[in-house]
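Each chain gets a letter, A, B, C, D, E and F, in the order it is written, and its residues are counted from 1.
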């Protein structure tokens, strides 16, 4: 009974394509998805997630559950980086600790849609407004990470690089993937509001194509993740442990917050997955620019090489059983 | 009443995505759609427009209205460059005047499909054969532009670059985007004629996907247009004024020609938009090769940085109200 | 009656787009599909063919006809390179003979899907398990080619390049396109088995989009093939003759094997097309790495510049009439 | 004339180009999508989709004095974000 | 041996390659998708979809005498369409 | 300091990078998607989708002695698969 949902998750096309991507690296196949094709799919997924999410939010309106959930999501993305920072400071300097912690406070959109696919496969309902939580959790973690650098870093950073609040906000809100997700969400919202006929015209692109494009992107993610994995050796066992422990820990906090919010099992899983997932798009891009002292191989290899595959393959079904245990099914 | 259609146009997904592309530049977001992804969408749109247009032309046949409309379209694309040339010669040399004028005589396929989307949003009918007009208006303007250079240019052009009629025809008919549009049109026509079952097999690709792909491409166009805008400063106010005045002027002529042709409001709008739009694909590519004396930043920054956004955002609804005023609605 | 199916084949969109690609080169149009866009479509087609094939195989199960057909397919891809090798050895050294022969023993997936499109156009049934034959015919030909080099090559190859069985298997099974096709087939099989609901979620991507993507890719193939054609001049008339004779010869053997297998006309055509087509993906990539002594312009220009267009435009209808003559229609 | 080769993360491109423009170099060429390994960081094309970008390779043909003028600014950029700069001889055709 | 660096609009590529082939250079390398700024024109990758193309960077390793042979043809092409050409020293490994 | 330019088929990239890493070069830059013509083979970007790949252009700035160390390995790779290698002078900025 415990192994069943894991197997069922592994046998879904997105996860299978992720695995064949990863396996291709272990077998040294020369399968390659050359740049910028992965970027095409990543842009597409962000645009489609945002657009569909905006429509759903407009449709459902701001019901009782929406605002508390969004507030809790923001809170989690502020707290998790702080916890992570203190755990990491045992072994790493301020720069690396802040950068890695920020990544774990932020989210991975592809992990989120994998969880949605998992729920659809299990015929469990969830609400479109959870995409709002996704969109709102990206920036706060970046802000916390940069503030940690600003206040905890030694004073000898070059003068010209003093971080001003404006540049912190710029990096956290105008980062390419944050911007595309947020603005597509607004486009979806406005469209649903003023131009509902256009929704069905977008549907083949943002809706029907989505699952296949997700599979194609995950094929590439499998390749990239498997290429990253060996680099973790240099990172040491503390970081490797962190990359598995942290998502589990965050999921554990997340499930209790979800219970407090009285989320249904579908929304609860998505909430937990947002807490447990780590960013490999927005945060690394922002950190590379603003905290070059941190080693990008640390925060990328952990999030992409370990946490992401863990969540996709094992994490989601584990979190689901966690949700089922902690949150009793309310009668309809 | 006048502001309503403009707002409605602005709130359609293609225009919204155009705007968020442009805004990303103003806010210095690092959102980027790397080459050659925009080329993918531009090739796709030309192929799909041509293919669907060819089918429509085959279906509708060459009715009374078709040939006069196509003839008038060709005529407009011969006359507009001449008018533009004389307006521009006040301030620019022969090379720049001819190149810019040719761009305004030719058309922008994306402006055309934005007008189609606008009409669909307003539930106004239009005919598929208008794509024929689109296809036929690209080349004549290039020919006029090159002939103007051939005959009006000073005699000191390097000998080896004397323009022969054959090379003028080559540039105007075999330019990549002209060729793809025309030949896809022929493929569509032949398919509808000999193989109608294949139409529905193409439909998901050329039909259903179209609107979403248009949005994605317009996101990129917003980025490119906003990057181009500041360069207009160097071009001077005369050219900036030209980039707004010329489409309005051409639209004004266009609407009277449309009236003479007794086009319905949908076809009339498309005709007017063809007159008012300026080319940033075929003409610049041709001029870059054959008239290197002209500064490409002039003819690209005007068409792409000003005329294109103007048409997409404000022009189309303005032209629609122009059409509604000048062309009285005939009873059904 | 003989010319009719050829004309009908030529007037199908995929072939028409192939032709306009080729014509663009003859007319020196600057139409270009820049890298890596063709790779996107080639990856997509392999993934979609494999996925759909895996589903079909799972659905149909291993009926009476399946195993003998797959066995015969493997046998053909072992025998054809041997025959080809002896024909080529009259004029070429061991390296070139083995490389070219391997290409003709292997298959072209795009020729295969063109044949499927042809059958659909003619409303002739065929079975999904034929994709299994496609997948199984790629590797054996590579193995035979490399074994020919291993045993027939002069002894003076550099030591470090001695071909071990392991590296032969690696090149033949883990080549990017072989791997993607085979693993997508497995994904399709597992999905149909454990997760049938996911099939319809993939359908818009792998199914509906397929025909249009095929057309787009064939547009590029037309460009590439026409660019390759002139290079055949250097290859000499023996090789040019081989590139036309060999597919016809292989088709001829293939049709009798298909008769022995009692395949229906649809499956028979696909079987014949697999025999007659030559690889321009997996085999050249493998040979380039393992037999650099062979001139890649030989094995690519023949397969891509001549055999592929021949099969697409003329071959398929010719093979169909061959099938219809040799294999009498069994009563339903 | 000299040839200046600059290789650094694409994300620095705007800063470097600003420096070049301010020094009024006669021109420059930018090649994006370069990958590589420097003493500290590894960059591969595979990560491009993450927005990390890959490297840019900038070539400038110009006089030595222009290079001297830009030296400090370029070095500051490169020392912060990483990257390398080398000068060699070049003669116009 | 010399190294010849040519940078110019992709649209000229055929003409330049013709010149190289006619001079029987031992080989050449072409890198497309280069962007940059020259004294007159600005080229960015963003415009690639318009068919304007970006720049090509061509490297030729060859003897000085071959360069002398091609000089006039290359200069003619570059002076018409724009682009730059520089020579430097290079030794085979 | 020296500048080493290596141009060869992308398929050899792993082998060459192994050689560079083993010699502990201070860094290197890789530009893929290069095309060109050598004395034997023609490579065009159009063939990239076949998996044949195009060429890679690798630039290494390093000391002469490192080059001497790697010479034999690099030459062996290039002589088997094709490709060229040239050395020129370069001074750090």
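Just so we're on the same page, a residue touches a chain if its C-beta (ideal position, glycine included) is under 8 Å from a C-beta of that chain, and two chains touch if they have at least 3 such contacts.
Computed from a predicted model, the values in this text were never measured in an experiment.
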{"item": "Farthest-lying chain, centroid of Cα atoms versus that of subunit F", "value": "B"}
{"item": "Most distant chain from subunit E, judged by the mean position of its C-alpha atoms", "value": "A"}
{"item": "Euclidean distance of C-alpha centroids - subunit B vs subunit D, Å", "value": "38"}
{"item": "Separation of subunit A from subunit E, taking each centre as the mean of its C-alpha atoms, in whole Å", "value": "45"}
{"item": "Whole-Å gap between the CA centroids of subunit C and subunit F", "value": "33"}
{"item": "Per-residue multi-chain contacts in subunit A, two or more chains", "value": "30, 34-36, 39-40, 175-176, 204, 208-209, 285"}
{"item": "Shared-contact residues (touching 2 or more other chains) in subunit E", "value": "11, 31-33, 45, 48, 51, 88-89"}
{"item": "Contacting residues of subunit B [partner subunit C, same complex]", "value": "35-36, 39-40, 43-44, 47, 51, 170, 174-176, 179-180, 183-184, 186-187, 190-191, 193-195, 197-198, 201-202, 204-206, 208-209, 285"}
{"item": "Footprint of subunit F on subunit E - complex, ascending", "value": "1, 3, 21, 26-33, 59, 61, 88-93"}
{"item": "Touching residues on subunit B, where the partner in the complex is subunit E", "value": "34-36, 38-39, 41-42, 158, 160-161, 175-177, 220, 223-224, 227, 231, 280-282, 284-285, 288-289, 292, 295-297, 300, 304"}
{"item": "In the complex with subunit A, residue positions of subunit D that touch it", "value": "9, 11, 33, 40-42, 44-54, 76, 80-82"}
{"item": "For the subunit A and subunit C complex, residues of the former touching the latter", "value": "8, 11-13, 16-17, 20, 23-24, 27-37, 40, 120-121, 204, 208-209, 211-213, 215-216, 219"}
